[in-house]
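Provided herewith is a single structure, encoded as structure tokens, for subsequent inquiry.
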């Protein structure tokens, strides 16, 4: 079972749900490598780049964006049936994204506040990760995802090996990069110690605290970090906003995030993700390290 | 199943009868009979009332359970020196599995009811018999726990 | 027909309604369920009877994300991170409009080198965004392919050139902001970190190559055959006395409008249309208007980098660019040249600012600003409370402003494709829409808190 | 300058400091020294003296570091910052090898380290000690890290004695500072007006001679000594190191581990700023076709989730408290067993750079408190990072063997480079397990001993440790279960295809320890694979041993390995052979039950026997208990431990188990060696 590829060229699709499009554009961010990939697989569905469409089947379907409308909830189940391997890419697809902050509110009230004629708008109360609706075989974190991780995932799939995605905290990459820790040297509210690696520790290297766009590391001892922030004299309100970012809805952050307009302590919890992340083909070991399984948190 | 003549010595065949005081050994021997089963004999069926507790001298007895859809599965084999049908000594005195000889077996059988009465009357005999039964059952329990872990199942995967 | 006609309101157009009125002529329908090779989810509907356009509608069904709500209660720096997520193609533009709005309200004077860095930053985004659109999305239309992937089989060097240009833009943004998409270093008062001189110097080879590639792009685009087309909407862009418009200047139009950036609302407003998750924008007089490369070239060509102006003149298409939206591909080419050329100069002249970040204090009030996103004028307006947190926000992206012009142009263009096969006609209509480089994720989910007042 | 009376000490005026800088940079040598960057003292390349942090000091505490302005212009008026010198001797990322596949051919190419000559300016006593500690780990062991060795050889060291300290320092307790005693080329001690300078190597002397120096006066030397002594006085002796190893290991079950885990973020910062931590992982990057791949070594940490994960996701240190215990006990206890020195040099980085300010000194005191009675010695103490403790006596297995050459002492390069071999044939054993017979195997690898393993690599795939399941003059068998992508790639190979082998690795079975004794061999599941070469050897030299008893357990009849061998063993009259399965259908007439039932009631006397056991750890625990009950001595019961292995030669840290690296010290261990590490949770 080792090599998931068949004799035929892989049929690859890219599907978009609620998002900014940045993660699927990271494919274009592969630059010349994009053409090398296109030489080896058939990209059969990628609405933002290709006019020809395909409703499947797909060997690999990259899914960007969160589920935030009734149509999307129906569509993802259909796509799952068409996809042998479904990989969610980016913070929206893996956690619900920044738009998931609506989950702390009464969604209808938000819609009313945003649109003069809310009746025209068909949206769900909540924005939820793909993994709360269908089984996900692997995931790439980040807002946006890292081009290197995307390239590695695609390469691993083509070669038939495990994708090697560093499973650690942002601190690992920060130290490898030689960046001075912002917490110790400035008392900055950096989420690096509880945030999953993969970005290359960009923010600290650019002089600002990590804001957790790759989502929680696992384990993520958020309580201990919050205690440290509190010792530095930060208010609960500020600490709550730190976690109310682009992955606020991720399991380990959810209970700690307090968006400014929150009316709920916590958003309604969807289906337990534990059963929802397979990390591989049925009967095949995880495509990514099992450490990527958010359900462990 | 061919009955052999009663042999007082039969009780000595195994750890089960070993180092008993002579009086108790006599008493135990009186309850024992040596029997030979050809291969394939069903000694008892799961749920049957158990008449006799046995000690295997030679051969192998399979303890089997019927799993609907999978047929009979062997969960343990009783090897020489070990006992079978210990449930004959514990209420409700019914067999907890189906016993089949998978090869010709020589065994010493004890009339379960008689043995129960004997140990009830003779505290000394009881103080020898029950610990031996308990040891045999405990050994099986330990083995069953290990089997429960299915340690070979997840073995030799690799994290890479 | 503009002026009297409500943009996007084909349905509301005089005598058209649902099209059941009178005439016996058979109705012709063009439906594009989901537009491809545009950023986001939108559909196109055109209904005609004879030569009469009954309905022309660009629907945007991209799911709403409620950004105006998301930024409420946030600090200015948080807003800069959040609004970037409105668009994966032009996050820099969103960060720039926001940061300038706040600095204008707080009276922040950034280091001159920071101002130049921000221009360089914008050059990167134009390179990255225009290269994506010209080569991966738009060129296939002119060269007869249904995708850049198909095009790459025959014209690989062409596609590689586009990807090289995009790489150059990505590299600039990453050098200044950490990563090409959703950069992290933009802060009120400057940047959280200024690049080392060597880091920017390392970009030179890429940019020199990009300049050559950009020039080649203009010359290629100039050869593209385009349908004839009469402009219906007025042109609107920013203009600055000394530089091609990115971050600063005035809002000007082809019919003489000239206002300060924060005053956008004096001349324009937004409204909502059923079936669309976007808000439309129109001039106060109700007319449609066009933003973006074509408008900028038409209104600010004099400030183009000499190399870009030279290339523009060589094409001899300056007037057509202003009149025919299909020529926007040439306009993008010219702006690629400008961005590459200016970027090279900025990189060579760069020296790290004394203060990458200057201190500031928030104050309550209205922060409003506009900058020139690749697709055109991007207006932000925020009400800040006494704690310096966002109380209200209004974000008006180029595409929702262009939407009316798109529909107006559809009405003008539609009759000319009637003689073509249905498939070909539909392809042409899509091509027209694509010429605006609509960014639907930007256009959708915006709110105008003034609607109630209006 | 203490302890250097005989050495001639020179004086360099502050104004002439740049002369030193330029002398160090002469001949294209890159000079690395302290600079002020991003609010900290960071070691970076230096061109001139002006770039040094003149007048800067620092203020440090748990989770706290701030640069401070000094009221003087001292050049070294701070202590250690976030960078440690290992960044330059043991960089975060190092290329290891390149692997290529061309048709069925595979080829491997080890990276050749060519480090540029470096000079380190401002190496403190604790940092010098740290370099010494890494020398022992990475350079002086049976397997040396070629890249590290080359970088160390190319580094010229200018040490500086500390005349100031931070609240996080505890070099005095670890015996590594504030003085600098040995291991340097040049040594500085700073005074207000300049620097005392002396050389301890030819290279150092050569540089010294080029400088405008004069002999230092006694007064100057006295002032220097006083300044350094003052620091020692100020620091005192915050950590009671006498008996610390034993106290820690005696407290493996302390509730303190769980309570520190409540604060620990398992973010790995402590290990990454630590100047001695050396754990790494290997990453593979390949082209889209998997034909060309490069392996890179990168820093890892015992705090990362995957670090101790093995077979099918099993994790030997799943809980944060396990990881913290691993780190602290390694630094202060098992490091001593492995390398004869503490793994900590008292630089205090792990305290200052822990985001939540966990202080090892407090944790040590809480978890392994010094006995009340213990007298706290004060004042100057012998430098303690040079050999002070030695590994606990344990039977030197390999030397007990007459032949062949004992591992891990092997021909240079053995086990460090991949050598190609070719698949000759494949024998399916079970549904998911098969045996590859390899030919064209390098003689060095064919010389392997029973129980040793090899790292097996296919280009683009991670190298996998696989036990050798049979050895002959020309062939080497590997029995592999397809459980992951890498093993699936291997089990998918056909005759003629190439693989890379690195080895032989590990200690192997101490067969000689069984000569003249009864031999008991217990195998469970695929654990029979590494035992088969042992059985082959014992049977081929049958007369050298007493009774031979071979017990084999499998999951089901379908999971039995080596059917041919088993039927042969079963028919031999000079071997007592028995096998069993955990469960079976009615068609199976053999034994059903756990492997221990094969011998727990047997008659034989084990007091003189030697046992070799291999299988899942839990099964080995049961077998070991039964064997001990049968009278076998713990010294003579050998088991093979499974742990996550990456390098196979004791350099990457993944497979650590108590005081051992399973790959290098094992995987075969006697129960006596393992002690209570055997079967303990979280080790």
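Structural remarks
By written order: A, B, C and D. Residues from 1 in each chain.
Throughout what follows, a contact is a pair of C-beta atoms (placed from the backbone, for glycine too) under 8 Å apart; a residue touches a chain by one contact, two chains touch by 3 or more.
It should be emphasised that the depicted structure is a prediction, and the values quoted were computed from it without experimental measurement.
Seen from the C-alpha centroid of chain C, the farthest chain centroid is that of B. Closest to the middle of the protein, by Cα centroid, lies chain A. Of the two chain pairs examined here, A-C and B-D, the one linked by more C-beta pairs in contact is A-C. Centre-to-centre separation of chain A and chain C, using mean CA positions: 27 Å.
Per-chain Cα centroids separate chain B from chain D by 52 Å. Rounded to whole angstrom, the centroid-to-centroid distance between chain C and chain D, based on C-alpha atoms, equals 56 Å. Work out the mean CA point of chain B and of chain C, and you get 86 Å between them. Those residues of chain A in touch with two or more other chains are numbered 162, 207, 285.
With touch defined as above, chain C holds no residue shared between interfaces to two or more other chains. Annotation for chain B: residues 157, 160 touch two or more other chains. Against chain B, in their complex, chain D makes its touches with residues 306, 309-314, 461-464, 481, 483-487, 524-527, 553-555, 559, 580, 582-586, 588-594, 596-597, 600-601, 615-616, 618-619, 622, 644. Contacts from chain D toward chain A in the complex involve residues 37-40, 42, 63-66, 81-83, 87, 92-93, 262-269, 272-273, 283-290, 298-301, 304-306, 309, 313, 320, 352-357, 460-462, 482-489, 491-492. Of all residues in chain A, only 1-3, 36-37, 40, 152, 154-155, 158-162, 164, 167-169, 171-172, 175-181, 183-186, 190, 192-194, 207, 217-219, 221, 223-225, 227-228, 284-286, 289-291 touch chain D in the complex they form.
Residues 16-26, 28-29, 31-32, 34-35, 38, 43, 47-53, 68-69, 72, 97-99, 101-102, 105, 110-111, 113-117, 120-121, 123, 127, 143-144, 199, 202-203, 205-208, 211, 213, 241, 245-246, 259-261 of chain A are the ones touching chain C in the complex. Those residues of chain B whose C-beta lies close enough to touch chain D in the complex are 15, 60, 62, 64, 70-77, 79, 81-82, 100, 102-103, 139, 143, 146-147, 149-160.
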